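So, here come the structures, one by one.
Common to both upcoming complexes is subunit A, partnered first by subunit B, then by subunit C.
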Partner chain A sequence: MTIEVNGRKIDWIENESVTKLLKRMKYTFPLVVVKINDKIVLRSDFKIKVIPDNSNIDVIHMISGG
Partner chain B sequence: MKYNNFNEIRNILFNSSVGIAGLGGLGSNAAVSLARAGIGRLVLIDFDIIEEENLSRQYYFLDQIGKSKVEAIEENIKRINPEIELELHKLELKKGSMSELFSNVDVIIEALDDAKIKTEFIEEILLTLPNKSIVSASGVTGYGNSDRLETKKLGKLYLCYDAKALSSEDDMLYAPRVCLIANWEANLAIEILLDESQ
Partner chain C sequence: MLEGQIPIEDYESGNTKNKWNLNKIKLEHKTISEYNYIKKDIQKGYANRTLYINLNEGIIKEKKVTEDMKKLFTGGRGFGLKLLWDSIKSNTRWNSNENELIITTGPLCGTTQYPGSGKSLCLTISPSTDIICDSNVGGFFGPYLKFAGFDAVEIQGKAKEDVIIIIDGEKGKISIETAPLEETNSHMISQQLTQMYSSEDDDKSRQKISIVSAGMGAENSYWGCLNFSFYDIRRKIPRLKQAGRGGLGTVLRDKKIKAILTKVEKFDGVSNNPADSVTLAKVGTKLHREIRDLDRYQCNMRAVGTVHLVEIMDEYDLLPTENYRFGSFPKASKLYSQNFYKLFTKIIPDGCWHGCTMACAKTVDHFTVMTGPYKGEKVTVDGPEYETVGCGSNMSIWDPLWVLEFNFYCDTYGLDTISTGTSIAFYMEMYEYGILNKKRCDGIELCFGNAEAVLEVIHRIASGDKGEFISIASKGIRRVKDWLIKNNWGDIGIIEDCGMESKGLEYSEYVTKESLAMQGGYGLTLKGPQHDEAWLIFMDMVNNSIPTFKDKAEALHYFPMWRTWFGLNGLCKLPWNDVEPSNNPKTDDPSKVPEHVQNYVDYQNAVTGWNVDKEELILQSERCYNWQRAMNVWLGRGSRKDDWIPYRSMGPVTVMEYISRRERYDKYLNEKIGISEGKIEKMKIEEKIKIIYDYRQDQYQKLSDAVYYRRGWTPNGVPTPNKMKKLGFTDPKMLKILKDKIITDEKAGLNIWGGKYNNKEKNPNDGIKYW
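== the complex of A and B ==
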């Protein structure tokens, strides 16, 4: 009953959305790319997408500059 | 060494194509490096014109101020390697149609400036062109801290990443670091092209 977020193992919480997970992880950057088990999650789906147990999650924050 | 000889590498690169979204600090420097490396075809997209301030880090010259970046990069690349085929688009990438111009390149480089547009671009490419490798960058501002840079490989997304750098609204953009990351992106593109050709 764990998930891995950016290489860190944490407890899995039933019915936790991407938005709630980002809040729990204290990731406050406004622009992030989230992949769950290597599949991209659209930002418009962050509130409804529920994190499955045993997921491997990557959260990358994008910052301006180029 | 995975290849029999340098000619084999040269041929693979000359028969490859890379698309670059944005021709600012990242894109102009990456494009020039890839041209020097002999990538046969480059698809280059930018809507902007060159301003004096751009010369602090972008691959343009004083006498090109006021020109469009696509026009100027074409001039500069032709002076280095006229054999490279260039497909130039002077346009602003808009959500919903960002991936269209990249469907026939082997590797895509995200070299945009604004974080929101970077994010939208990555989302759209990963969704609409799921088999295409995309190289992106985040965290280019400031000076020093070269060792903080890392490559994150997330499936087909390769990210040149410095998680601790500030946004360009809060920190300066300096040529050494911008060029370092632009060439990091170009270097990754070549690595991907050669790996995928195996």
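== the complex of A and C ==
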């Protein structure tokens, strides 16, 4: 019952949406691209898209810095 | 005019108006030397000559730019390196007579069709590091220097008294004149000279002048920056952009130059005489549209400039507070961008060169100065940028108005805000530990959060205070470390680990403890810890997209090379990745912004008429990057020991730091180092710190190994003659220097990998001596 977020294993929570996962990870930066098992999730679906067990999530922060 | 902007005639900045008797000031000038030159058009981005000035002998002459020079060094910073190589010696130091101050442009510099195309690159031997420092800067000087007829200006020697250098592209004349009565501080002298030398008494004429200066702080410290002016027709003042790092302003004042002025007759969108103006316009228009449509949803640079980073850094524990002890702080929200947004003057385009739609050069107008010689005056403050705000948090000062005051005085005194802020943050930590105290600080209570004390330090520096503390403190962290250790005032380990400098240069404002790649981005650099070579924190620490040493080494090869390219061409890095096309996430490598890379390929080809591809752009940089490292080797400082970084940038130095992020570090001991949770529970904090200390230092050595190998350098960090030859260099003197250094290292046992590799791990090349 785990998922991998940016290569780090964490517990899977039933019915957790992308928005809630981002909150749990403290990923507050607004410009992120989220991929579940390599498929891009549309920003408009963040609230409704539920994270499946065993999935591989990439949260790419589109920040360039300095 | 764009929707919502204020018409020029309707804007009143509210600043105090200075009145000077400029005729009297000018009458005191004596001409030391003059030189008339033939004006020529720019050809495909190049003026095809550079300008040499020797202040000892009053020599002014032109040097030809050869095709070979373009092929090997491209332009900008590359030309600067070539000129330095031809003029200095291996024992040249910042204040040696033969040291040079060089300002370069680059073939794309001065273009108005593509955003971010007005940067100058400045080079010298730095007082802080004793090696080459390069710093890029906006403002009008670079483009005007080129349109006046020169790809670079190179100044050697020292004048006997204060002088100004005038490059008059209108008359085709260069002169060196004494300047005894002009002010030294930048916001004043740039106004005086702009008024004095404009052809007519109107804004259009004033806009054709740009001035380089450095103030009293630059004269009395190692933190001197260069201020480059750009006349703002709305505010009716020359505003300032800074070449901040490495003490360029200190060298300017050591040469007794009060200012360098350049003036153009005219310029327009085709002054660079591009080979293909249609393509140039097409690529430029595409990016202008992108910035206009997307910036507000992305970095919001047009509204708040780089300050948008403050809240992000705070939220991800990366904002340096109390000398990088922590990465976030409860009071940090006081410095979030909305607080500066309230103060910024709005709906005025704020580009630092014509045609920059990104327009991130924000200002606060009619700011009332609160302390020092200009107390009570109303001035325009250029900035603050993220780094300057980060200095506030690093010194634990949480007042936006104070940040503006600090920003204003650092600029006009010619002090680099980063070196000033990072140094004082270190002094404050030493004060907290009793290693420094009021007596040792010449009566200043330099504790965290003491905003008045910080301003007193910088006012005293600018006034030339000769007290022991100010004299040493103004030379930066490295010299203060040596002073504290010499006096036996504290634990050497604490002093060395807490002072955030590498190679003698102070760190810029990012916490790197949890990003090994960014530690390399600061340490494995040419000039010292400045983030302009690589900014990999999110890629590494958050996105976890470069997990292995090999991945990190690849990033620490590609990004420094890519970012170097902007400096070869006279460009600003920000329009590359501070706005991204909406389909960028779907590309193969979003971190590189592939569409923008292709823009730059098209852009360089359109101006120069070349036919290069994206690999060739990297090659252009690789030549320059390796040449600069090789010159550092020649100057005695380009090897592994010089790339070492203080432990504060790798992990927690003190018990308090460990406790503040206990969960994170305990987890690290368990997951990365393999210590059981039960054992961790029983360990003392000091023991845990020591284990992480040793582990992370070894990680940094392994990273250095991987990076040196990827860059084609020896295990001691020296570019090999083979690598140089592959890049096209045949200079026998340079090849011999590198060969001799490698032989000396071999004899001294320095050609060995630095990491401790166990049976399961491999060093980068498995023992083959490719050097």
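Basically, the second predicted complex is superposed on the first by the 63 of 66 C-alpha atoms of A that agree within 3 Å, B and C clash if a C-alpha of one lies under 4 Å from a C-alpha of the other, contacts with A are read in each partner's own complex, and residues count from 1 in each chain.
Methods note: contacts are C-beta pairs under 8 Å (C-beta built on N, C-alpha and C of every residue); 3 or more make two chains touch, one makes a residue touch a chain.
The structure presented is a predicted model; accordingly, all values stated were derived computationally and were not measured.
**Student:** After superposition on the shared chain, which partner residues are touched by A:8: those of subunit B (first), subunit C (second), both, or neither?
**Tutor:** After superposition on chain A, A:8 lies in contact with subunit C alone.
**Student:** Go through the superposed model and pick first if A:33 touches only subunit B, second if only subunit C, both, or neither.
**Tutor:** Both subunit B and subunit C are touched by A:33.
**Student:** Given the touch rule stated above, what does A:61 touch, subunit B (first), subunit C (second), both, or neither?
**Tutor:** both
**Student:** Between subunit B and subunit C, whom does A:42 touch in the aligned arrangement: first, second, both, or neither?
**Tutor:** In the superposition, A:42 contacts subunit B only.
**Student:** Would you mind listing the overlap between the subunit B footprint and the subunit C footprint on subunit A?
**Tutor:** In the superposed arrangement, which is not itself an observed complex, subunit A uses residues 31, 33, 40, 58, 60-66 for both subunit B and subunit C.
**Student:** Taking the touch rule as given, give the residues of subunit C at its contact with subunit A in the complex, in rising order.
**Tutor:** Those in contact with subunit A are residues 298-299, 309, 312, 315-316, 386, 508, 510, 531-532, 535, 537-538, 542-545, 547, 576-578, 580, 584-586, 590.
**Student:** Quick check on the complex: what are the subunit A residues that touch subunit B?
**Tutor:** Its residues touching subunit B are 30-33, 35, 38, 40, 42-43, 58, 60-66.
**Student:** Which part of subunit B faces subunit A closely enough to touch in the complex?
**Tutor:** Those residues of subunit B that touch subunit A are 22, 24-27, 111-116, 118-119, 122-123, 126-127, 136-141, 152, 154-155, 157, 159, 161, 163, 165-169, 171, 173, 178.
**Student:** Note which residues of subunit A are touching subunit C in the complex, please.
**Tutor:** Touching subunit C: residues 6-8, 26-29, 31, 33, 40, 58-66 of subunit A.
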